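Notes to accompany the following structure.
To keep things simple, chains are lettered A, B, C and D as they appear, and every chain counts its residues starting from 1.
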Amino acid sequence: MILRFGVVGTGAIGREHINRITNKLSGGKIVAVTDVNQDSAKQTVETYQLDAVIYPDDKALIADENVDVVLVTSWGPAHEETVVAAVEAGKYVFCEKPLATTAAGCMRIVEAEMKQGKKLVQVGFMRRYDTGYAQLKQVIANNEIGEPLMIHAAHRNPTVGENYVTETAVQDTLIHEIDVLHWLVNDDYKTVQVTFPRKTKNAHGKLQDPQLFTIETIGGIVMNVEVFVNCKYGYDIQCEVVGEDGIAKLPEFPSVVMRKSEQLSTNILNDWKYRFMDAYNVEIQDFIDSIAKSGEPEGPTSWDGYIAAVTSDACVKAQQTGEKEPISLQERPAFYSEHILQNN
Amino acid sequence: MILRFGVVGTGAIGREHINRITNKLSGGKIVAVTDVNQDSAKQTVETYQLDAVIYPDDKALIADENVDVVLVTSWGPAHEETVVAAVEAGKYVFCEKPLATTAAGCMRIVEAEMKQGKKLVQVGFMRRYDTGYAQLKQVIANNEIGEPLMIHAAHRNPTVGENYVTETAVQDTLIHEIDVLHWLVNDDYKTVQVTFPRKTKNAHGKLQDPQLFTIETIGGIVMNVEVFVNCKYGYDIQCEVVGEDGIAKLPEFPSVVMRKSEQLSTNILNDWKYRFMDAYNVEIQDFIDSIAKSGEPEGPTSWDGYIAAVTSDACVKAQQTGEKEPISLQERPAFYSEHILQNN
Amino acid sequence: MILRFGVVGTGAIGREHINRITNKLSGGKIVAVTDVNQDSAKQTVETYQLDAVIYPDDKALIADENVDVVLVTSWGPAHEETVVAAVEAGKYVFCEKPLATTAAGCMRIVEAEMKQGKKLVQVGFMRRYDTGYAQLKQVIANNEIGEPLMIHAAHRNPTVGENYVTETAVQDTLIHEIDVLHWLVNDDYKTVQVTFPRKTKNAHGKLQDPQLFTIETIGGIVMNVEVFVNCKYGYDIQCEVVGEDGIAKLPEFPSVVMRKSEQLSTNILNDWKYRFMDAYNVEIQDFIDSIAKSGEPEGPTSWDGYIAAVTSDACVKAQQTGEKEPISLQERPAFYSEHILQNN
Amino acid sequence: MILRFGVVGTGAIGREHINRITNKLSGGKIVAVTDVNQDSAKQTVETYQLDAVIYPDDKALIADENVDVVLVTSWGPAHEETVVAAVEAGKYVFCEKPLATTAAGCMRIVEAEMKQGKKLVQVGFMRRYDTGYAQLKQVIANNEIGEPLMIHAAHRNPTVGENYVTETAVQDTLIHEIDVLHWLVNDDYKTVQVTFPRKTKNAHGKLQDPQLFTIETIGGIVMNVEVFVNCKYGYDIQCEVVGEDGIAKLPEFPSVVMRKSEQLSTNILNDWKYRFMDAYNVEIQDFIDSIAKSGEPEGPTSWDGYIAAVTSDACVKAQQTGEKEPISLQERPAFYSEHILQNN
């Protein structure tokens, strides 16, 4: 069985997924595309030599009987409407973050999905598919470090553009930690507080950089997360989980070990694209395989998208107030109960 | 375009490649299979739900017009005949090591291929497709460490079975270094000498373990290669290239970093299968993509298979004599001139 | 010239310093000892075969013309009186932490010392003499990582006894970070806030463990310091300084690298004594050499002792209130202006 | 008790030991010096403000009743005569390498010492006092890696001067491995063979660089030792012991860990002086303490000096012949039986 994808949004990330599904992975193909810029849609079909229908809009694409999955890679504000429509049409959805730009919007998707009676939607939080994070999750689930008590994490970029402002640090950067950290420890967030260290000379005028987030969970885990997007030295993702019996830390991204010029060194990436390249591939392959196997995607759910939206809002508020802000989630529906990780 | 594979040999490695091509990679499919054990062939078709013809033997499979590529995963002594027949039929061949069990057999394949006027054959030396080795090759080609002078390498297995004897250390184990090391430094072998350290108590009666190979190249590079197949602690592949200006070393296989029980540790694999899992996938995907793109496979050639056979024979002789033995290769035909690695 | 020490307090730490000065270092000797337990004093003289007078109390010892330096290793509450008396007698003082148990007490020592017109007192904060911290200080002073923006630090012990309570985490444990961190970045503290994660099951009833301190400096550096004294896995000191242009981190304590039982590992110490053994030796040798060379000790001053006391009080208050508490230091007298580190 | 040293040879290494004993260590002092260059001797006394007699020659110095230990730091060819004379006078001797320039010369010292009926002589092989090597020795003695089977070692210098020729690689460089490796595994050498890789462009005309030594022991251990003295990148000492049950490796020399300019790095030393600075201090302090405690030095003996001389001669011969050369030691006298290392 080949899963047939209709793509809404043929910008950079859309094209990467199209290329991935067409030329790298197994079990999926692109049968339809649309974009608000129809030329972009056409050009994409040509570039990747797709045997795909070009639709004028998402509605038409969703209506195509040959489309099994709607891949949502349009710009964020358009996500909600497309996803709701696709879900109501009973289609599978793979939606890049954010699921919706508001918590209320995410909740509408959650409700639409529950009405369909089965999971249809996966949100594009690819970190869970990174080998390192997956190992970390397993180590915790295996009780190898006892109950988690603290997480020390950092998300560093070499530099960012002028349109990246203080809130962007939450919405585009911290958002990845927001998703992956609660998943790692299988806990829910409770409060967040932000501290602003002295601003680096390398950040432009409107951006507070770096930022330190202190997030507490319902279960009492405290997470220190550094976001530093003009760190200059490279793209670097750190995550260390301190448990009652030991500590587990994400591995460094591997590279050849050099002895040269009085230094023993390995390379640090300068571009985020390489860091999670494999994770993107595994993410989409797993989406395809899960649907083929069980009829449902098994990755980040609409509920995870909702958690991300609520938490993101609280983090932005905490940036503004300087106070400890609550992260108030509605009760998790049984529909979205956590997978229990197999502890072999 | 989908590359259509006919598989000769449905044992363990054959099935892994079938699974890989069917369920993980893009651009290939299995259309025919055969095995001396026809039940194995049938079972394989069922297990992987293949839409494939089951042939009584390799000749019949090769004759199928729908077969573009013959994937040779039968037992070693049968390789030569299948490969020659496939090449003479103008089919592409992916042949697991060894290409043939003798240097003369490899030479017959080389000649058959040259007669066809284009490269058709790739030998399954997957290490070249490992990210670490590929980086190492690039570092050398970029002149980051100057001219290579020495290589220190080790190939360690936790344990081996009773049928693994002293020569097996060359034919099944060192063979991977034999292929990858000359490729790394773009040089040809000249001599080999073997030293046997005290035998470990963990090796069975007929096996000398560990063994130390000293290999010299035409260009004067000296390679110390340790083969130790009852090292107990894990499956571990080490490779360090010492150049005039610096040293480059294969990265450790990445794993979560633990602090526990008074130890700072990472895991070492205990099974070779995991170590080069990605390399196998990249290897076959690259084989498919290269043929689609340029009409020729771009991986290890028949000539590389011939080099492996000649070198392997010399290494076994060196085990027996204790002397420095010559590695005498015929002159490389222009047909097999080395790809020049792009230095950027 | 041999510096003649009189030791006040012959408990464990006193004896270690006596042994150090007598048997490991150069340029000092023990000429007098006293202890509230006179038997302890006598036994110490015998054990180390000292040619030393045993005095009934600190006053008598200070009055001995042969005593150049008073080494204060009595229990904390007795320090202030001994140090003031020694300073007023014009003697050098090496005083183990705390300099005094209150900020006011430290201030009285500061004033007594300033009245003498020269530096006489060094406080036993040995971390500054650790090779790793010294390198870290140099890296920062050399501007190799730009202006420091954040510090991520951790102080972990495998376990503590029943008499170690929540405040002890500040007074006996964090106190070392309090001294070394402001010295590292040459800045003064401004506020502190404490977060208590879920308590580990391994801590006894009266102890909150772990604890997370967020300390801000006048210059805007934010320091996250984890104190975790029942971490089980070992004694582990971590310190990472994030600067505008790069990051510098304390090295791991070195140990043989093992490949065994599917693990690549190094040892983590289980006892703090080994971690800073060399630092203690360097500390006392430097004290002796500085006095010999310049007539003044060049290590942590009375003012550093005062900073530690004020900061420690604020940290305890922050433990109790859960709020961000100010760290209010009096203005630094010119007498205690910082050494400018030579940036070669 | 203070051990009184008479120093024969006030060149660079002599002065370093004088400074060490006078200003860093405990229990020793310099009471006499001599040098063939009397001005050097005088200047040394002034520089270090020694209360020491200046003698016209070693004979006069040895005759001084106040001299307990003769510290031999003259040039190599003069060592034998001084050491024999000192031993015959019943004095302790600390002699820098080489003990004598010939095996026969070493044997004369061995015989003179045995005639005195107690150990008097220690040879300045300081590596045994390096923390890393000491840990490695302990790991082996504790049977943590099982029986040693192989050693992979490297001795690399950034560059050497014009007077350093091919034999110097044995006599000044490999000599340290020659001493420390047999001590590590408590075994004796049997054969050596040398392989010359392609010569680096960075070596001057008369020097073959790098060189690879393959040394076999009586017990069947095979040691690959790389000597590369124009490696450019730094001073780097590597030693990895492969045992039946695991592998133990010397730690890297510790340094601050940097993240900067897309690199994760630590520093490699460029000067050998820093690498074993602590080892030199521990070496001499242990020499002093052992004599104080047991009346005998407990470090490398005259017999170790003899082993070094015989092995060094065989290595030079192997450089010349290209063949496997025997290392023929006389039978070890019971007088020099190995210390049994305490396994706890």
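Heads up, the rule we're going with is that a contact is a pair of C-beta atoms (placed from the backbone, for glycine too) under 8 Å apart; a residue touches a chain by one contact, two chains touch by 3 or more.
Source: prediction; values computed, not measured.
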If a chain touches chain A and chain B alike, it appears here: C, D
Contact-graph distance - origin chain A, target chain D: 1
Between chain D and chain C, distance of the C-alpha-averaged centres to the nearest whole Å: 37
Distance between the centres, which are taken as Cα means, of chain C and chain B, whole angstrom: 58
CA centroid of chain B to CA centroid of chain D, Å: 45
Touching two or more other chains - residue numbers and ranges from chain D: 233, 245-247, 252, 259-261, 266
Sites on chain D touched by chain B in the complex: 146-147, 149-150, 152, 195-202, 210, 212, 214, 216, 219-222, 224, 226, 228, 231-233, 242, 244-247
In the complex, chain D residues that touch chain A: 233-234, 236, 252, 259-270
List of chain D residues in touch with chain C within their complex: 22-27, 131-132, 135-136, 139, 144-145, 245-261, 266, 278, 285, 289
